[in-house]
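In the two assemblies presented below, chain A is common to both, partnered first by chain B and then by chain C.
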Partner chain A sequence: MKSNLTFVEKGTRFLVNYSALIVLAVLIVVFGTLSPSAFFSLNNLQNIFVQASPGGVVALALTITMIVGEFDLSVGYMASLAGLLVFGFMVNHHDSFILSVFYSLGATSLLGLISGLIVSRLKVNAFIGTLGIGFVAVGIVYSFSNGALITGKTPHIVDTLGLGSIIKIQNLTLLWICCIAILWVVTERTPLGVHMRAIGGQARAAELVGLPVAKIRMWAFVCSAFLAGFGGIMLSMRLGSGQPNAGNGYLLDGFSATFLGRGFYRAGEFSVPGTVVGALILQVGYNGLAIIGMPTAAKYYFSGGTLVVALALGTIAGSYHFKLNDRKRKK
Partner chain B sequence: MLAKNKNTRRMISACTAVIAAMGLSAGVTSQSQATTKTLGLIIFNGQDTFSQLAEKGILAAAKTNGWTVKTVDVAGSVDGANSAIQNFVSAKVNAIIATVVASTSLKSGLAQATKAGIPVVSQSGGLAPGIAGNVTSVNDVSNAAPLLDMAKVMGGKGRVLAFTFKPGLPCLLRENTLDSVMSKYPNITVTKSELPSDGHAAYAASTTAAWLQTNASYSGNLAVWACYDDPAVAAISSITASGKKAFVYGYNGSADALAAIKAGTMKGTVFFDPIATGKATFAAVLTSLKAGKKANLGTIAAPFTLITSANVATLLP
Partner chain C sequence: MNSMTELILQLKNVSKKYVGLTALHPSDLDLYSGEILVILGSNGAGKSTLLKLMCGAESSDSGEVIFLGAQQKHWSVATSRSLGVEVVHQELAVVGELNPIENLYLGRELVVHKRWWPFLARRVMRKEGSDLLRSLGAQLSSLKGKTVELSGGQRQAVAIARAVGWGEKLIILDEPTAALGIAETAEVEQMIRTLRGRGLAVVLVTHRLDQAKNLADRVAVVRQGRIVGNFLKADIEVGKLAILITGEESASVV
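What follows is the complex of A and B.
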C-alpha cells in the first residue's frame, strides 16, 4: 500500500517509532568511542546484560500492569521481599532451593493478588493500593529478618545460577531472556495480550464489548508481583545474600525503562520489547559512565535526564499517533 | 498480520542498529593506554560525613602515589556495589576499594575481580572470599566505649532510644555490641529504631520527637544512641525542642558531633581519624599489590578515641 505521508512526516514517524533505539545507539557510539577497548570487551558486554537482568525482570513486572492501564508501586519491595525470603528459607530453615523459591514467589504472588483485589474489585487507586501493599512487604521483610542481611551456606545451584554461564551468556541473562520470550508471546501473540492492550487503551470500551476488565487487571497484578519476586530472587543469587532493601531501587529504574520503551516497538504504548530496550539504555548508561570514570553526579543527571526524556518521548509518540490516526479517520 | 510483521521488522531493525552502532564505535582507533595506575573507589553512602572524609584520605594518598581514581557512589545499593566492581574490572583498574558495604554481599563482583587478578580492599566492610584486606576501626572495644560511658552517666538505669542500620556492617557490629553491653544493665530499657535506606537525619529527628513524647512523664535518665553520628546529631534538635534532657552518643567523630559535644548538647562520640583511615586503606592496596594474587592482609586495625566534653578541646580548641 502506497504511503501518502510527506518526507517530513516519514522522518517524524521514524524518529517517534525508533527514538528509544536511537538513544541506545547513540549511547553505544559515545561510550564505545570514549573507551573502545573496555566498553566493547566481551566481559563488559556480559556485565551490561547480567547487571540489567534482575532489574530488567522487575521492569517487565511493571510493564504488565502498565499495559492494562494500571501501575504497581510495590515491585521494588516485592523484589526485596522475595530475595530475602529465598535466602532466609535456605539458610535459616535449611529448605531446598526449589521449595524456598516456591515459598518466596508464593508470598509475593499472594500480595499481588491482594493488590489486584484492592485495585480491581474495591476500585482503590493503584497508587495508594500498591504503595500500601509495598509497605506490608517491607513489614514482612523486617519481621522475617529483623532488618539484617541473611547470608550463609546455600545449595550449590545458587552459585551456579548466580555466577555461572552457558556459552558465554550468563545464567541470569538467560533467565531474563526466558522471561522476555514468554511475556512477548503472551502480550503480542495471544488473545489475552490483545485484551490486555484493549483494556489499557480504553477500559470502558473494553468492558462494553464484554471483556473481563477487573479479572484481567487483577491477574496482571498477580503476574507483576510474581515477576518482581523472580527478579528479586535473581538479584539475591547475584549478591550471594538476602538483603532487606536490595530491590527497592528497582522501582524508579523500572519506571524509566517502561517509559523509555514507549519510544520503540509499539510507539506511544507500553510493550515488552520496548521495556527491554529501555532497561538496556539505562544499563549501558550506568556502565559507560562508570567505565569512563565520570563523577557520581553524572549518574544522577543521567537517571533524571533519561526519566524526563522518556516521559517526553512517550507523550510525543502518543500524541503523534493520535494525530496520525485522527487524520486517517478524517480522510 | 501486517501490524505483526511491522513490529517484528522493528525488532530485527533494533538488533541491526545496535550491532551497527557497536561496529561504528569499535572502528574508532583506541587511545593509547594510560601508564598511571588507576584505583576504582566505591563509596557506599556518600552522604555520610565519615565516608566523605575517608574518601579525601584515599584520594590524597592516591595522588601522592601518582594514581588516578575513578569514584562511584552507589547510594546504599548493594547491587550497585557489585555492578561497580564489575564495571571497574571492565575498565581494567589496578585495584578496587569498597567502603562500608558488607563484603559478604559482593559475591558476583568479587568473583569477577578475583578472576581478573584485581585486589579488592574493604574499608569497614568485613572479610569475605576475594577481599584482600579489611581496614577498620570497628571492633568490640571501640564499639563498647560510648555504650559503657552512657551506662555510667545514666547510673545504670533509664531508657535509651537506639538508632540502628543493619545494611551497613559497622552499624550492624555496633548494634551487636549494644545488645551485649546493655544485657549487663537490666535497668536500662532500650527501644530500637531501624533507620530507613535514606533520609536518616529527618527520620532520626522525627522518631526522637515521638519517643520523647511517649516519655513525657518519665522522670528517669534518657539517652539517644546512634550507630553513627549523623542521626545522633539530628536527634539533638528534637531533644532541645522538647525541653527534656537526654544524653546523646554516636560514632565517627564528625565535625557536627564534635561541635555538639563542645556546646554540651551531645555527650560523646568515638573519633576515628577518617582521613588517616582512608590513607591506611590505600596503603593496604599497595601492600596487597606487592603481595600478589594471593594477598591476604586480614583485618587491619585503625586507632580510635572516645571524645567527651573532657577531651573535645584536643580536636576543637
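What follows is the complex of A and C.
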C-alpha cells in the first residue's frame, strides 16, 4: 500500500504526521538564529520548561476529556481555584502543605465529578455543563478571597517546589514530566486507554461492545479537574501566592496545545505526547518573542494566531486523511 | 431436531418502543444450539431491533430474556458477551479510529502484570489477532492503521472475526455479507455452517432469499414490528416468504 504513494504524497503525509514537531523545530531555529546566546542559554532553556510546566499539566487535563470526545471549559478556573485554595488553607487556616493540597484537589475533583455527572448522565452539553461549573469555581474563589491575593508565611516546601531544581531540571518541570509519564502509560499502554480512544472515536460503537461509556466519560472529567487543580497549585508555588485569576488563561493555551498536538504522534487525533509538543510550541513562541524584544501585544497575536492555525491544521490533516483513504479504496 | 439441541436463548414477550414509534411489538422467539435461524423482513421491519434485544444492546420494554434456562434481569451487552454471545452489528460493527487488532480485542484486551496495573500485551494480541484473521481468510492491508482506512468488506471481516473468535454459545449476524464479494460471501456462509457444526446457535439477518434458503434451519419473518412467520427448513417456500415479507399477494420474488 505505502509503496503506491508518490513522492509528493509521502512528503504530505510526513508533514501531516509531524506538523507540530516541524513547527516547534522552526520556532527554535528562528529564535535561535535571531538571538543565539540568549535563547540557548541554560537559564533560558530552564525558563522555557518551567514556564510551560503548570500550563502543560492543565493542557493534559483538557486532553483527557478531548480523548473521550468531550471537552472541559472549566480547566482554567479550576487551576485558579486550586492555586488560591492551597494558599488560603496554608496561610489563613494554618493547615499543613499536604493537607492544603489534599483539600484543594479534593475541591476541584468534586467539581469535576459534578461536571461529569451533568455531562455524562444528564446528557447536558459539555459546553454548558463545564462552563457552568467553571463559574461555580470562580464563585468559590471570590467567596474565599474577596478577589484579593492570598500571601503570607508558608512552609518551606512551597519555595522548594516552586523555585528549586534537581540536577539542572526545575522541580515543577519534574512534576510535569511525572504527569506526562503516568498519563502516557494510561492512555497508550493500558486497556483503559484503548477504551477512551474508542469512546472518543465512536461512542455508540463502543457501547455496542459493552464498554461503560458514561462511566469512563464521567471519570475523565474528574481526572481533568484534578489535573487542572494540580497545574494551578504548581503555578501558585511558582508565584508564591494564591491569585484569583492566575490560571484562567490556561484554558485557551490548553486548547491551542491540544489542537496543535493533533499534528504529532496520532495524526489528526488528541494524544498526550501531542499535547506536550503543543505546549512547548506555545512556550517557545512566548519566550522567543520576549527575548527578541517584541512588545507584550505580540504574545497575544502569537497565542491567538497559533490557536487558529492549530484548528486549521487539524482540519487539513483530517481532510487529507480522508482523501488518502479514498485513493486507497479506489485501487 | 436431534436430542443434542439445547435451548440457548428465549425471548418472551419482548418489545421495543422508540419515541413515537413501536419498532417491535411484543414477540416470542427461541434460539437453539446447532441451528441457523434466518430473519427476513423489509427495511425498517424491526430485524435489527430484535437482534439488539437478543444481545442486550437495547433493553426490552416488556417480557423477559432467558439464557440457558436462567432468567436475565439485567440483560446488557457486557453480560451477554461474558456468556458467549457475539454480534456483528449492521452499523458501527467496529470503531473506525482503532486499529483492527484493537477492535478484535476491544473490551477484553490481553494484559500483563495484572495484579499491579494491567498493561496491554500488545505483541501477543498482534500475533494471535493476526493469526485469527488469517485463519478466517481475512486479507487486510494493514493491521496498524485505523480500521476506517480499510475497505468496507475488510472492516466487516474484522467484525466477523471478532464474533467467531469469542462467540461460544450464540452468534448474531446482521447482514454480514452485505459488503462482501462473491468469494468472501461464500467463505462467510461456509463459516456459518461450521459454527452450526460446532453446536452454536446462529442468527442471521439477510435480504437474500437464496442465502436464506441455503443456510436456514429455521426462518422467521418480521413485518412492521411483528414476527409474522416462524417455520422450519422443510416448510420454506420462496414464493410464500416473499408474500410474508411484503404482506402483498402480488409480490414478485427477486
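Descriptive notes on the structure:
As a working rule, the second predicted complex is superposed on the first by the 318 of 331 C-alpha atoms of A that agree within 3 Å, B and C clash if a C-alpha of one lies under 4 Å from a C-alpha of the other, contacts with A are read in each partner's own complex, and residues count from 1 in each chain.
The definition used in the following text is that a contact is a pair of C-beta atoms (placed from the backbone, for glycine too) under 8 Å apart; a residue touches a chain by one contact, two chains touch by 3 or more.
Everything quoted here is computed from the prediction, not taken from an experiment.
When the two complexes are overlaid on their common chain A, residue A:P191 makes contact with chain C while staying clear of chain B. Contact comparison for chain A: of chain B and chain C, B touches the greater number of residues.
When the shared chain is aligned, chain B comes close enough to touch A:R238, but chain C does not.
Applying the stated contact rule after C-alpha superposition, one finds that A:S303 touches neither chain B nor chain C.
Applying the stated contact rule after C-alpha superposition, one finds that A:A206 touches chain C and leaves chain B untouched. Of the two partner chains placed by superposition, only chain B is touched by A:Q51; chain C is not. Chain A residues in contact with chain B (one complex) as well as with chain C (other complex) are 189. Across the interface of their complex, chain A is touched by residues 4, 7, 10-11, 13-14, 17-18, 20-22, 24-26, 28, 30, 33, 38, 43, 46, 68, 70-73, 75-80, 82-84, 86-92, 102, 104-108, 111-112, 116, 164, 166-167, 172, 194, 197 of chain B.
Chain C makes touch with chain A in their complex at residues 57, 76-78, 80-81, 87, 89, 92-98, 102, 106-107, 109, 111, 117-120, 122, 141-142, 148-149, 151. Against chain C, in their complex, chain A makes its touches with residues 1, 185, 189-191, 193-195, 197-198, 200-202, 204-212, 269, 325, 328-329. Chain A makes touch with chain B in their complex at residues 17-18, 21-22, 24-26, 28-33, 35-41, 43-44, 47, 50-51, 54-55, 142, 146-149, 151, 159, 162-163, 188-189, 235, 238-241, 243-249, 264-266, 273, 277, 286-287, 290-293, 295-296, 299.
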